[in-house]
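Common to both upcoming complexes is subunit A, partnered first by subunit B, then by subunit C.
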Partner chain A sequence: MTVTDNPTGGIIGQARLRKEDPALLTGEAKFMDDLVLPGALWVNCVRSPHAHATIDNIDTTAALAVEGVTAVYTGADLAEDWAGPLPCAWPVTDDMKSPDYWPVAQGKVCHVGDIVAVVVADSRYVAADGAEGVVVDYSLLPAVISIEDAESDQVVIHEGLGTNVSYEWPLIPDPEGVEAAFANATHHVTETYVHQRLIPAPMEPRGVAAVPAPHNGDMILYSSTQIPHILKVMAALTVGIPEHKMRVIAPAVGGGFGCKLGVYPEEILCLALAVRHGVPVRWTEGRTEAATATIQGRAQRQTIELAADENGKLLAVRATLLADMGAYFQLITPGVPLLGAFLFHGLYDVPLYSFTCKSVFTNLTPTDAYRGAGRPEATYAIERAMDVLALAVGVEPDEIRSLNFIPTEKFPYDSPAGLVFDSGDYQPALDRAKELINWEERRAEQAERQAAGSKMHLGLGISTYVEMCGLAPSRVLASLNYGAGGWESATVRILPTCKIQVVTGATPHGQGHETAWSMIVADRLGVDPDDVEVLHSDTAISPLGLDTYGSRSLSVGGTAIWMATERVVEKASLIAAHMLEANADDLELTNGVFNVKGTPGAEVPLAEVAFAAFTAHDLPEGLEPNLQAEVTWDPPNFTFPFGAHIALVEIDEETGEVEIIDYAAVDDCGNQVNPMIVEGQVHGGIVQGIGQALWEEAIYDEDGQCRSTNLGDYLVPSAAETIDMKLDYTVTPSPTNPLGVKGIGEAGTIASTPAVMNAVVDALRHLGVTEMAMPASPMRVRRSIENAQGGAV
Partner chain B sequence: MIPAPVGYIRVDSTEAALAALGEHGDEAKILAGGQSLIPLMRFRLAAPSMLVDIAGITELSGISVVGDTVSIGAMTTHSALEHSGELAEACPLLAHVASVVGDPAIRHRGTLGGSLAHADPASDLPAAVLALGGTLVASGSNGSREIAATEFFTGFLESALGADEMLTGIKVPVSTGGWSYQKFNRRAQDWAIVGAMVAEGGAGVALVNMGATPLRASAVESALAGGASSVEAAASAAEGTEPSSDNNGDAAYRKHLAQVLTGRALRDAGME
Partner chain C sequence: MEISLTVNGDTQSADVEPRTLLVHFLRDQLGLTGTNIGCDTSSCGACTILVDGQSAKSCNLLAVQADGAEITTIEGLAGADGLHPMQQAFHESHALQCGYCTPGMVMASISLVEEYPNLDADGVREGLEGNLCRCTGYQNIVKAVLSVKK
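And now, the complex of A and B:
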């Protein structure tokens, strides 16, 4: 594959404003709840207030008596409506234990928020009033909340499975080698970290509407989803609607971060109820409802061990995970830890590697992909442990990293976990980040403050990362037992008036695909990006696609766009050659004009070629009319973005408050199509990762009640908590695709959490604090200081 | 969240509001800025059957300084307090405290009367009025009466206001002596985990979120009156308090914070 270092007609690489934004900023964009559907019935889900209980009786009398309530259904009432349970597309091992997950619970509930009944009414408000009237008798069962309790199997949640352990997934290419490396190591670091559960908080919670056409069996499903294409297939199978009768539309989607990458009970319910009632049926999620009804992220306990020689050179890395699946499997729940399985050695050159993941069910909301999915977890473990190793060896954290970076000349790099890292050049990113943060001066200032006995402590934390994105080569997905491929589809169509229509299967929900895709096409064709319209998110318009997640859109979907454009240009050049009575091989397309190389004046504008292709009055023999090409691109490899982030924090010893006072990030996502979009992704990603480090946590009590179900209790950082960041980039193109691009959607989230936590520990180490759990809340930080000092100080 | 069904009337005079309250009894609730009441209704923690919206009573909005007294209408918004030049001169503490309530959208709707009537110990303005030694003016079927702030807060979300009464105004003394408000929270728009307020050079010291009601830190006040230093006085800030525990802080941490923040507030107010 040749990488186009400069794929450019001058448009790729421009920091252009996003064409999506005016509609989003003015309220013109229509989100789920903006849809007007006359005659629609509204659904309210009656949810379990208990984490684990049997359902003894459901009395719907009072609900049915509310004026405007059309029907109330229990799990038993709807049991015949499903062709199968909710789908899990990723059975990671052949013997993985997987409980049936029904849209409405049958017989027992397994987490707070599990649906026990649905009220159907003629307005959203009446449906809510009706839900108040549904009386459910429960017999409480002991709730399994912690991962450790789950693993003990003292209470088995899904009796039919006989255990709470779903699967064990090892990746240990050379077990004896790893043992020997640890036996011979000078330094053996063992660290245990916990990734708290996170509640994804897109600005728009979920929403669904199913609109039937009873006369011919057609069904339109509107959903605030990241994956209309996958949803169409899965929903058709689950409800038993023929796939060709299903059309899924994702209207403007107000963010997802992975939590709209599912096939949810409410989607299936609205479909089934629309079939039953023959009218549109809709549901809009409330924010508090979302806290337990929508998947949560992270939730794993990790043990990471490093074996190193006396200089700190890594000999082996061993990671052992215990991952919390929650009560059931959502679409890719079991696979999320495996997305990190290959990355626990980070960007370090390590000969030997061992990874094992054991996954368990708990009586909590199902987990699934959340921005970064698996890679933030892996990066956190290795990056925090590298700081501990640096301390053991007696070197600075940047030195231990530089010593172990995969040398640039080793790319493409055969990783000890079996991947091939496409390209990388790690040291320059770290050097630049140190420069941006003023590493040496900050270190000196930190030492001065410590010497002066200041109670405002400075801490510096580094996180260098590599991640794998661009999901994914279909063959690799097959080897991981994933239930689908990783290709993406694109159509490029030049219309008679030389305006361009592009159809993408990568479904955006805030990322800016319309802008980026039109830039890619415009760059090649030499037209104005505003003359390119990008169509998406409706399976009737874009029938083929695998949607948006895992920072895949540009490297897979964008590449498909590039290739389809190439193909259209090839055909257009045949027509142009015919018009110019020249050889197509002698033509080049610049600034929207075909010209014969070396023959000034022998030229024809693309616009004339487009019109000729449309009229088809005089086309070359055997050539079909019109200019249109469709490409499905299956990438040969993942892409491997990388970078170096450094956080500078100040900690108020008396209150325990952590403030980030400076932050430098140097990221490398290969070639950049639109640097402004890259910057936006980096900003948002960093803040989201800082959210995990300092603020966010789904807090559960011992009964499995969530104590952080609204945005006053679940602390998503706001603009006021955000700081000015110093951003820069290095550019190491990927050889995996012709655009040389990697992916930047998750990098910030992957990198920032360990940078901040390493800084927090660095700030407090001289007080005797050696570890810190997340989030580093003021009370937790204060307590850690008190404990390290031997009680209250 | 979806509130339960509720009736709504909008009135344009205090008399009409009182009449509506009289007619609907304790089924009715006054609606001011709605920034506390509407969230409770959406969670179905409150389900009044009638809302009496007093936003149309224009004479309840405004700030005036006469002599040594600042009079503020109950419907004056946090934002109006924050941006009033007159208040910034006559009582800078109150203007500042208003500016750190919630976020701008909340400050544009939330009212001083609503905040006081709601009597949330975690709210900022009640403690300010308490530290300043303010007085609340209430109107009821039996006419109007004045209630000292120290007598007003009777329990968690409970006040001395009768079901048939409404707040019409608040009076605080002109106060330009040393002042400070140390609000400790995790995000800019959040309620205080703990807050410490110093008014008039230490004559009034009040605590936010250190118990069921906003509190006067009387131990600190008397220590100061007895000539204690700010460090000595702050050490007694948590005396007699029974703060609650929640996600952000348990009682012990809150007591610790009360001491730290009171010390900072005293020093910030210019005391040694």
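And now, the complex of A and C:
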């Protein structure tokens, strides 16, 4: 790894072990279901077994007869408990069609898993018993399952909207130019890809508890959420609890991957029921329940067209999406495709660009953000299409990419979609990835096997990617109609004994914020990172924040921490100057000691300054007696991490099984605060993306029943199918923040899916296979081979 | 039903409903919430504990089946002298992120290494197939387990 422009001295850049680990390794950490809440009532949700039906009658008699059941509520019973429907924060167009989404269905159900009644009981087992006793009569309606059926409007799910089409969102800066480019192109590639629905499946399912204080009106909402701050505002508005009386706490959160970036019915329900009953009300999701109760990811059909000249130089890219919103809008459902809208030309220098997205409702679980959210979809389309273009031109897949990379000298690069890519240097990453995978030798081995008539086929697949993360400049979000900003907040506080408290609004759920934030602060102050405590995930302690998603925490939240630290140092230097009878401008802070530049011996430790700030006996005139600073940072731009991944797969022609043999990843996330954490993010991201390529799919039948509701049927990768990956990095700092960082949380997932799928097609191309849908299961692989060879083989 | 068992070295006697899952007994009745629940089909392994020295998924046993058993949960590993070698290895190899699968993964790994001391990386991968992790991509978990083996 080449480190350039590291802004600091010492601690930043070290592979430092995580301070989060001891609590998690010993069972000391408290996850949602671990909380002990005396007197709490348990909720069990009665969910629709049908995708589309009217509710004719709900008989709660048997449920209420169960000993220990306190109450049973239907949608009608609770209709007056809501100040409004569940919120959608991203009305992407002014005329977007948006159905009311109530915590408990009223009159009809729109997907399997829709809540039709809730049972409240004195234990989780009794609540489940009660739910068994709720009898619901339904009249079935035809279910709209495919996006094509949805688009046809033959059955309209939300009658009041008059159509299943929610919105159309075009981004076509130069329509005539695009048309002309395609008219004049030597090569015109048209590809259609489907992103199957994915179940996010963090290892901890969701969970909620609402703890009321009926007499003073306070309400604490505990939730396994990525977004306590956003949840506080939204839940207050939805239930009608004054925001200043609401406190949201995210305990230890066992992964999120986007699916805990919501305002869910169960959160709102527990709040309303806690108000009704005046005691704590809690709910813990079951895994099977989660399959249809928690949002799903991806779910779109893409058509991508490339116009290129005779050498394969791109002239224009046109992407057309049909996106499946599911039955309702969750918090940012409509905006997810837009997070990819700017990136369908990938990291290639393309003068002309066209993107259109049409979104439809179906009778399936709502979709929303899932690791990468929009960017994996965009990357998949362009990266698979680039392989097809390479084939059309007659060059290798690495050559077509190198030919089209945005030249390094063009940065900052004005993209055809209207973004400014901050920095990039793409070729070295690809060169290094080829080296790690032994590209030439593997190509030769592949050819040998083919020549020998082997039934074990090798395939090499490249994916080069750029993503936009560091969500996000608030003004850009405004232009996209997003209902909030993209800033992040930090407070840095030096305590009297020179221990440090850091308060962050970026809410972790496994990433290692406590370790990374401590390193940033310790690096600047010259203290031990173990002397820094990071406080988070509780809106009473960290009132300002916009939480964690979109690889934003370091580049936005980390920058806020850096700036707040700088500000504290500035103030401390005024006190130190006073103590040293020197000019603050002449001081520097090195290894925790202020010294007067050029005057050896004229120094005072930060610890003494901290204590002086506390006693306030002799501070400079007019200086407030504290050493703390709060910064809210609104980034001027996104950041644009990039990289090159190459997968080597082996496919058994007889069984259709795809095995990953080797994997090389070269990522560039700018400067790294903790390379160990970066590596972990890349590992996990890659495997999650491979999961989409080879194994994962929320399988629905024609009635809208999910057939992959548990972890036996929904194939989250295990250790047995995965391999050790080869990682390396290039370092191209971002010029948009003082740390020069970009973000790495989603890169692996964005890159690996197309790398693996390109490898699968590469392995089978000599058999005539040109297309492959995801996941590339043994059955799909066998069918593709059979189809290519004109029937059974 | 009355049951009596040893948990992390302490004798416990309790009255349990016959249908109570062992994992719920440990968590809700004994307050040992380190053992997590990640699924309801014994697929994920988050609830793995040691029953008479062997790894078992505690969501797949009834509390009454553990009558007379000697049980170790994640809370029973670390002592005054610090973390268990497997916990330490997970820490040093960055083999955990969100940490939800970790207690089960650590217990399964201890049992695996105990039973098969000479496993290579592929063997570790096969041996941990019943324990899912969504964060780490397993590479560092395998590394951690192999480091303990040595």
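One rule holds for everything that comes next: the second predicted complex is superposed on the first by the 789 of 793 C-alpha atoms of A that agree within 3 Å, B and C clash if a C-alpha of one lies under 4 Å from a C-alpha of the other, contacts with A are read in each partner's own complex, and residues count from 1 in each chain.
Basically, a contact is a pair of C-beta atoms (placed from the backbone, for glycine too) under 8 Å apart; a residue touches a chain by one contact, two chains touch by 3 or more.
As the structure is a computational prediction, the values presented were derived from the model and not from experiment.
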| item | value |
| --- | --- |
| First, second, both or neither for A:779, with subunit B first and subunit C second | first |
| Touching partner for A:718 - first (subunit B), second (subunit C), both, neither | both |
| First (subunit B), second (subunit C), both or neither touched by A:108 | neither |
| Which of subunit B and subunit C A:125 touches, first, second, both or neither | both |
| Which of subunit B and subunit C A:203 touches, first, second, both or neither | second |
| Contacts of A:457 with subunit B and subunit C, given as first, second, both or neither | neither |
| Touching partner for A:654 - first (subunit B), second (subunit C), both, neither | first |
| Which of subunit B and subunit C A:288 touches, first, second, both or neither | both |
| First, second, both or neither for A:510, with subunit B first and subunit C second | second |
| Between subunit B and subunit C, more extensive residue contact with subunit A | C |
| Subunit B and subunit C contact sites that coincide on subunit A, given as residue numbers | 124-125, 286-288, 712, 717-718, 720 |
| Complex interface listing, subunit A residues touching subunit C | 17-18, 20-31, 33-34, 36, 124-125, 201-205, 252-255, 257, 286-288, 509-512, 676-677, 679-680, 683-688, 710-712, 716-720, 722, 724-725, 748 |
| For the subunit C and subunit A complex, residues of the former touching the latter | 17, 19-20, 24, 27, 31-41, 43-44, 46, 73-75, 77-78, 83, 87, 90-92, 94, 96-103, 106, 121, 124-126, 128-142 |
| Subunit A partner contacts - residues on subunit B that touch it in the complex | 1-2, 4-5, 43-44, 103, 184, 186-191, 193, 247-250, 253, 256-257, 260-261 |
| Residues of subunit A defined as touching subunit B within the complex | 124-125, 128-129, 132, 286-289, 654-655, 657, 695, 699, 707-708, 712-713, 715, 717-718, 720-721, 777-779, 782-783, 792 |
